[in-house]
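These notes open a run of structures that come right after.
There are two complexes below, and they share subunit A, which is joined by subunit B in the first and by subunit C in the second.
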Partner chain A sequence: MSTQSYVSGSSQPIFNWKKVLKNHGGLVALVVILGFNILVTPNFLQLQTLFVNISQVATIAIVAMGMTLVIATGGIDLSVGAIMALAGAIAPLIFQSEFGQMYPALGVALAIGFPLLVAMACGLFNGVLVSVLKVQPIIATLILFISGRGIAQVLTNGNLQTFKNPNFSYLGTGKILGLPFQGWLAIAIACVLFWIISRTIFGRYVLAIGGNERAATLSGGPVRRVKIAVYIICGALSGLAGLIVVAINSASDAARNGDLMELDAIAAAVVGGALLQGGRAPIFGAILGAVIIQLVKYTLLANGVEDEVALIAKALIIVAAVYIQQARKE
Partner chain B sequence: MDAVQKAFNGVVALDGASLDIEKGEVHALIGQNGAGKSTLIKILTGVYHSDGGHVHFDGAESFISSPREAQSAGIATIYQELNLVPLRSVTENIVMGYEPKRMGVFIDWDEAHKRAREILQRFGIDIDVTARLGSFSTAIQQLVAIARAVSLDAKLVIMDEPTSSLDVSEVKVLFGVVRGLRDAGVSVLYVSHFLDELFEICDRVTTMRDGRTVDCRKMKGVTKLDLISGMLGRASSEIAEAGMTEFSGGEAKHGEVLLCAENIATGPRLTKLDITVHRGEIVGLGGLLGSGRTEAARALFGIDALTGGAVSLKGASARLETPAAAIKAGIALLTEDRKAEGIIPDMSVRENLTLALLPKLTRNGQIDRAREREIVQSFIDALGIKTAGMEQPIRELSGGNQQKVLLARWLAVEPELLILDEPTRGVDVGAKREIQAIIRDYVSKGFGVVLISSEFEELVEGADRIVVLNEGRSIKELKNPGITEDILVRALAHTGEEAA
Partner chain C sequence: MLDSNAFDLRKYISRNPQSMAVWVALATLILFGLLRYDNFSGAYNISSFLNYNSMFIIISVGMSFVIMTGGIDLSVGSVAAFTSVIAAYLSPHGIEIALPLAVLAGVAFGGLNAFFIIVLRIPPFIATLATMLGAKGGALVISGANTIAVDWGSNFTKMGMEKIYNILPWSIVVVGIVVIALWFLLEKTSLGRTVLAIGGGEDASMLMGLKVNRAKAFVYLLSGGCAGLAGVILASGFGAGQPLEGIGWELTAIASVVVGGTLLTGGLGSVPATVAGALLLGLVFNILNFENGLGTITISAYWQMVIRGGFLFAVILFQARVMSRNKRKGRVA
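So, the complex of A and B:
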């Protein structure tokens, strides 16, 4: 009960090894990938490698946690990548504006706060479509999936915005105790979300809605509001990830920021143990899933495999994860 | 068909059912829920395969192994849920799969429309066959389904609750078509819960009970009382002799009025319900399937919006627009469908039990887990819920214990009015008695209960008063002590006609 890394509707005994293997296939996969890299990939066991991977994995993990919440209610959010692009496009516009130049501190604060608000508004839009207008989540979020990136490109006239702003860049390049700032941020978010899921009434409703929405409604649960809230949280986390990507690169490219992130995030959530029909919200599982996805990417890249081939590998991971899910159900 | 048997996983659904339908007759098939009507029909139409017995069709013994085969043999089924394509034209729906062809490949639409028009005219229906089927009323769609069946040279048409979604005038049209079929030599097997209809169009009636066909007779000379007693398995003479006692009005010997609903309606399935519940009282809702029992519960719990009437709680008028509002007002509903509307299968006993209580267990959004466990444990002990522990997933519990958890979910909230829809359905005898005792005990604390049950025994013994429902209306009120099952059955039978 106390040290479980998964939160779900039911809790299982921890030291049942067969169950651990079946339910924690992700951990096994992680060990295999690490072992492979230590043996094959040159210079894998170096601090530099760790830093590169942490700074990359943080964005996937942050989005994947939001995705996990949405999936836990039985929904899905395809718009996360587009929201990243939108948030990332707005930030430089603010701190590079005349106002932002005049009041640098306030400019940076607004450049972080305002894009997050916009991202939350996007989540609100998704949530209202899904829970009030009863649009299928996959269709509802497809709207911003298409138009969100378009809006971002219109805002920036399709230009790459480059900048030099060390305060803002701290989001993506800062270090605490020698480790990248965004890694700490991801862990902090995970702890908060884990607490929310396991200890609060909101978290209980999230899992109840995914487990049996009808029963949750008939028990007086605020089903609509909870569903809207998870999309808002997912939107906010996507926006944050978009800001981090921009901060890492000291440049905002609306066409590429968050491209295909929806697939990475869904894959990470599923690899981490989320059930697509809802009812489970393994927050730390999502981080584990993100680490696996990132390591696979890195492994292929470091060994000279082309990007296009890496996409195929990612698809195979999703297939494997879904297969394990099926086995888990039986 | 003769002595047909069918068992599912060892549970016998059909145990020697026999049915014979003559050419050109309208044959009614009646029985309570679970009597085996659907299973019988599904064997006839090849959806299920029988474990024993014989089916003769058109003189020869036949083995119908698939719905497709049934269709080509001349057996057509009109289901409640129409298996048509609303977005396509009327013509397409009628000729689908048998389209007239030109040069072997192209559909000859002129010919198809002409054929569709001719088929429909035989039933006296004159509609634009090129219009989308979905643009017509349910009744017309149903008639199109029948027309399609007849155009495929059906010799036997099976109608499963054909009138459940039709209004009075549409029913008349449907009956005209059914008579037309009969006159053309087509046989009709007519399944319906609405007994009054049967007298109007059926020639013979077969009654089923507990997987057997218990009775087959001519419709002429049969009374509604006979049909009901056949379905329930009680001699009609016995019921008739028991006499009829009217309990109406009568001052409340219980506490103050808790709930008063007057003339409430939510749609065609619930048109006029009056019910009053006092503190410390169990009020039963009696009626056959389709009488509006469940709809009444849904209306009082705020699931279905009221289209008429008014509800007052403790003397003040109440607007119950959502389940959440109803719960806040002190009403709870234990739903009939435990699986779809009750349990959250993957959650633990603890999480299922406290689902409705959560807001009261929460401070600043955080659940008080110590108190939660304490409350759950007290209910597990008090109700005798058999579980390996409160963390066990509820899906692993037996039906009776799941039901106790759901009952506890509501008892924990302490609703002033607890509505129980089939609280003991599908639970074993022991658990059933325990649940009934729990309900009694709850009422004795000054709360009110509305009890819905298809088991008359449970109603008669459990309820202080019984409001009798028929076709969406409350028609009579019986009062205990003094109610017997026979009196209840008679009250149900004497709906509309006051003869006998």
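So, the complex of A and C:
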């Protein structure tokens, strides 16, 4: 709840900087970063820059949207990066198998479908631990965070799997109307999720659980099922992101795929306006957050700032975003 | 009536029912190792096991204090990496300079966490995540992303390499003293009781007039200091400051704390059980290495993570059962 206190009779300033920053901090940050880049970064206003950033941001955005749903119920999902690695490791195993070589079309379909199923199963595992066994989300998802990547490495023996499969690679390299396929995919997913959150009963329950889980339970809501579903959706989206990363690289590396993605996704969700206590699910905010995170990375990289300093910058963004949120709440 | 100061096993168990599993599992694994492998009880295995795991014991104990207040500290791994670099730079001045200053650097990161959490009211999870990124970045910046060799001429490497009677590494001696002091602090001082009370109910503790913020600040400073000590042991044991180390340490520590039966909601916890949890997780790998050595099975390093996760899963299931049983009995856990 925003509780701006309006003293009756006092004249409101026409343009309240504090208010704008509190309520639209993300957009302000985006404008600042874009402005900075246009002025400073060489060759920023080029189509190539746009392509690079869209193809990178799409995976962060897709995972961040799932994370936003989980956070909306007051939870958190640390296992997203590990699920990416797992899904990404399984796909090449399928379309490079004898069966996959014999029936290429079916092979690719299975190589997309089956990893997504596995990713959803991971989400189910998280969801059951959280909602049925009442394990805190941070710990419940820690299990797969630790072992998911291990399973992916066991499956591939820790080897880098390289491949040439144009059909599968379309996921990461295809273009529609000249823009990367995964960018369109992210936008499509955002529209669907936005509709679900704002127009369906399921969506209302997601927000209700985050707002007050006890009240949602007492009023007879299917709290368990909704929470499980949210983790399954987050798992599926992470799996999809894992497939996209593999498709972009034409290679699957279980050790690196999705590494530290949980941080990016949480940061994007929070920067986008998700409240860690739950009760809000700004889906397009997650995309905005992902764009900001990616642009900050790109800005620092393009201007020759070392990676390590970029880490510190990311830390500052997270703290600032949550601090501003906190102020908004109080 | 029993003297309340005497150690009473039954009382300990009834106060920490969820800690039982870790002691049983630890005893079983040790017995299994003793019976199955010749060199399991050898001086070399014991000393290298204790030396390596001393780092994880100390960060786990620090973490357990944070978790007892209902918080979490994700920054310990990065802070240890950072302080290992600091310690390596200071190593020419000897351990008596390098150790306290590196620990102080860890405490400073703990102070940053405490500031974020208590003053800015940022949730511990996010605050320590930011510190984790910051410390990692800081470690890479001050080291130029290189490992920093320590000075072999000074007494710095003694801590991580020399052993008393060829079996007790100095690292575990130092860690042991700190751990015992912290155990005493938790069980016998008002600060320790406040830490547990906060986890039981922060608002209630505040209403009772307990110094909640002071205790909360203390646990983050402590956790940072423990990570600092782990960093010193790391630099001293490997002969170099390691800015890239520490990845995933926070998870190992959290796992040890959970395996040791500390409830993640806070309010309940035990220092010795946390140490047992850390030893148990370490022992799993030790035994895996022996199995590989026997040649009966070959378990790749990748399985270790899977098994670690499986362990955590088993303990969480166990905890969930104990919790629900306690709830049915009407006891407040």
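We take it that the second predicted complex is superposed on the first by the 309 of 330 C-alpha atoms of A that agree within 3 Å, B and C clash if a C-alpha of one lies under 4 Å from a C-alpha of the other, contacts with A are read in each partner's own complex, and residues count from 1 in each chain.
Operating definition for what follows: contacts are C-beta pairs under 8 Å (C-beta built on N, C-alpha and C of every residue); 3 or more make two chains touch, one makes a residue touch a chain.
These numbers were taken from a predicted model, which means no experiment stands behind them.
Colleague: Let me test your reading of the model: by the given contact rule, A:Val309 touches which partner, first (subunit B), second (subunit C), both or neither?
Modeller: second
Colleague: Which of the two partners, first being subunit B and second being subunit C, lies in contact with A:Glu98: first, second, both, or neither?
Modeller: After superposition on chain A, A:Glu98 lies in contact with neither partner.
Colleague: Check the residue A:Leu218 against both partner chains and state whether it touches subunit B (first), subunit C (second), both, or neither.
Modeller: So A:Leu218 only meets subunit B here.
Colleague: Touch check for A:Ile143: first (subunit B), second (subunit C), both, or neither?
Modeller: second
Colleague: On the A-aligned overlay, A:Arg199 touches which partner chain: subunit B = first, subunit C = second, or both, or neither?
Modeller: first
Colleague: Please tell me which partner, subunit B or subunit C, touches more residues of subunit A.
Modeller: For subunit A, the partner with the higher number of touched residues is C.
Colleague: Between subunit B and subunit C, whom does A:Val270 touch in the aligned arrangement: first, second, both, or neither?
Modeller: second
Colleague: In their complex, what parts of subunit A are in touch with subunit B?
Modeller: 1, 8-11, 199-202, 204-205, 207-208, 211-212, 214-222, 279-280
Colleague: List the residues on subunit C that touch subunit A in their complex, please.
Modeller: Touch list, subunit C to subunit A: 72, 116, 120-123, 125-127, 129-134, 136-141, 145, 248, 251, 254-255, 258, 264-265, 300-310, 312-313, 316-317, 319-320, 323.
Colleague: Tell me, which parts of subunit A touch subunit C in their complex?
Modeller: Counting only subunit A, the residues touching subunit C are 76, 129, 133-136, 138-140, 142-151, 153-154, 157-158, 263, 266, 270, 276, 306-312, 314-316, 318-319, 322-323, 326.
Colleague: Touching residues of subunit B toward subunit A in the complex: what are they?
Modeller: Touching subunit A from subunit B are residues 301, 303, 323-324, 327-328, 333, 335, 340-348, 351, 355-356, 358-359, 361-362, 365-367, 369, 391-393, 409.
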